[in-house]
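I'd like to ask you about the structure that follows.
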Amino acid sequence: MIKASIVRKEHFNAAHRLHNNMLTDEQNKKIYGKCNNPNYHGHNYELFVKVTGYINPTTGYVIDTKYLSEIINNKIIEKFDHRNLNLDVEELNGKNPTTENVALTIYEILRKEIDNQYEMKITLYETERNYVEYPA
Amino acid sequence: MIKASIVRKEHFNAAHRLHNNMLTDEQNKKIYGKCNNPNYHGHNYELFVKVTGYINPTTGYVIDTKYLSEIINNKIIEKFDHRNLNLDVEELNGKNPTTENVALTIYEILRKEIDNQYEMKITLYETERNYVEYPA
Amino acid sequence: MIKASIVRKEHFNAAHRLHNNMLTDEQNKKIYGKCNNPNYHGHNYELFVKVTGYINPTTGYVIDTKYLSEIINNKIIEKFDHRNLNLDVEELNGKNPTTENVALTIYEILRKEIDNQYEMKITLYETERNYVEYPA
Amino acid sequence: MIKASIVRKEHFNAAHRLHNNMLTDEQNKKIYGKCNNPNYHGHNYELFVKVTGYINPTTGYVIDTKYLSEIINNKIIEKFDHRNLNLDVEELNGKNPTTENVALTIYEILRKEIDNQYEMKITLYETERNYVEYPA
Amino acid sequence: MIKASIVRKEHFNAAHRLHNNMLTDEQNKKIYGKCNNPNYHGHNYELFVKVTGYINPTTGYVIDTKYLSEIINNKIIEKFDHRNLNLDVEELNGKNPTTENVALTIYEILRKEIDNQYEMKITLYETERNYVEYPA
Amino acid sequence: MIKASIVRKEHFNAAHRLHNNMLTDEQNKKIYGKCNNPNYHGHNYELFVKVTGYINPTTGYVIDTKYLSEIINNKIIEKFDHRNLNLDVEELNGKNPTTENVALTIYEILRKEIDNQYEMKITLYETERNYVEYPA
């Protein structure tokens, strides 16, 4: 049995604001700067989901990317795309939507959908110049 | 005298919502779909400013791109980046921030800053798959 | 009334072979080289459709990109994606699928679908390093 | 001795069809959908070859990328570019050319050419949105 | 007869320094800033050559991109790649290698090689964020 | 405590020449080919700095990318951008500026600035087709 990784890229556009309710407004302003704008700003997020497992000898696939794409679309894109990450996404309720926290949340949602025989890794681009990998 | 065009690319991240106050909520919903989300969504905007004019025989430049970049940063990026295009940008007040209207507004702001000997053109990417050119 | 252009990008993956039935096999081999492979090769085509017209004062749109995307998907992507351009696409029947001819055919199909108040332009990338614009 | 990785990118354009001869036509259709088109479709494949080893103190290279590029061109690009992966590539004979299987085959060809002091990894993009890494 | 444009992309890596011998060192420093470094800096230049003409009814080509690529490689890449634009390129002798002047020089070299039935346009990227078009 | 990686991308433009002073001119010519041009050539370098550590429960950050960007700009970009890597960069004195050696030097400079609780990795693109990772 031969192990390989397959990666599927999807994207969503969302508004967000970095803000920790446990901190004062001044502290938030100091830590997050212009990312703390109370009226929100936004990004085109690029999401890469890597799935690692054995190549199925019948299909020649680690996992069917059409199936993987459907899961990502049903469980992530439907919920995150054209939304406000502070207000509209149940799984992010009460969380500060830093790229780290959004990537972690996406991982946790998808981990329940992808069979445990597979390892999973999320790479989330907030901009072309900033991205997060989880797990590290 | 030899004419050429020089293009400078800058970017900004912003939240927005497509909504026309003269229309009913139902009409807005019908026209703009998920772009009408009252809680906003957002984008990484990529802005290309093209300036066309004669190559200066002394400098070898149509226009100094450092100077062009400073103007774009001072007049556009400072005002648009990490902002809400419906609430935070004076020049967009009362306008519906479609890519067309944002590109037109950017053109009008920059046109006052760039000497009239130059022609100007704006290309504004809202996503990798949707962009606007103004003038056409 | 203000004129602007909006561009929508879509993509399709297809096999093709460059071959002119009016020429001998030797002539075809000489003109098209490895692109003449009788077993076909293929590309990820990137298609940009530019529509130029007046910005509608009510919608703020030149044309709704969701509508434009639907037309391109229904009339082009459905027919061209995961197909053989020599064998599977009715509108290319008897044509030699050079990038020039494919771009021209896409233009002709879409021109019937897009209202005549709009100008249209096709840019078709066969590879990152070769692309065609029609009209010139 | 200091260890680093160097990556070289090359590309090829090819036609293929996903089909397992051990399965019925209905099963193939169900598993591979439009990728099962008997007339083939195709892609611009982007191939990244990563070589990991010690930096040679004399040359300052892990491996000379010109040499690496020549090997990839002689052993892979010459055989795969502008070809049909189901019909024209000896090393893929009898294999179903999924991205996983193509990446694995490329690895096996190159592994014989690259000295064993080096680790090797293949990343193969079938489209901008689907790619495979081998070994995982 | 149907007119279309075909574009071919090539690239070269070169060192350069912006400096006008007719100006004092202080003036050069003031105009060109860090681009005036006497020890040179450098770029990965991306060169797009657009050729516009009638689609040949026999070949289906405006111009054969293999032929176009050969001309660009023989006349430009061979001379400019891995060179110092101030010292090594005969056609740039005595010229200040701003992107404008380099694009203009490339145009003049290629214009002699491309049949006059074709229109030509050069787009030269010095960086991802700065590029020149000639003619405008 | 949850571990993730964050990556920040920066860029610089520089001239360089591959040359080992311990070798003869003929040996240098043989090993480095056109990269040995005594008048230098140059590149747009793309630098990715990956920092791996625990997500801070207060900030939601592994590390503040604004802070990371400032360090990279102060310690690397200020010194490398628009410079000659053979002549102008103190930390590269006496080193042969292969991509491997430049990446290693950047790592060593930044490693002193980034707290030891974090792991660090450098990816340095010399061109779109050649890049180095350090550590491997």
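Just so it is clear, A, B, C, D, E and F label the chains in written order, and each chain counts residues from 1 on its own.
Everything that follows uses one rule, which is that a contact is a pair of C-beta atoms (placed from the backbone, for glycine too) under 8 Å apart; a residue touches a chain by one contact, two chains touch by 3 or more.
Only a predicted model underlies this, so the values are computations on that prediction, with no experimental measurement involved.
Identification of common neighbours of chain A and chain F yields D. The chain pair D-F and the chain pair A-B differ in C-beta contact count, and the higher one is A-B.
Note on chain placement: the centre of chain A and the centre of chain C lie 33 Å apart, centres being C-alpha means. Centres computed as Cα averages put chain A at a distance of 28 Å from chain D. Counting partners per residue, chain C has 128 as the residues that reach two or more other chains. Two chains count as a pair here when they touch; such pairs are A-B, A-D, A-F, B-C, B-E, C-D, C-E, D-F, E-F. If you check the complex, the residues on chain A that touch chain D are 2-10, 50, 52-53, 55, 58-62, 64-66, 119.
Residue ranges on chain E touching chain B, taken from their complex, read 18, 20, 22-23, 31, 33, 95-96, 98-101, 103-104, 128-136. On chain A, the positions that touch chain B within their shared complex are 11, 13-16, 34-35, 37, 39-44, 81-84, 87-88, 127-128.
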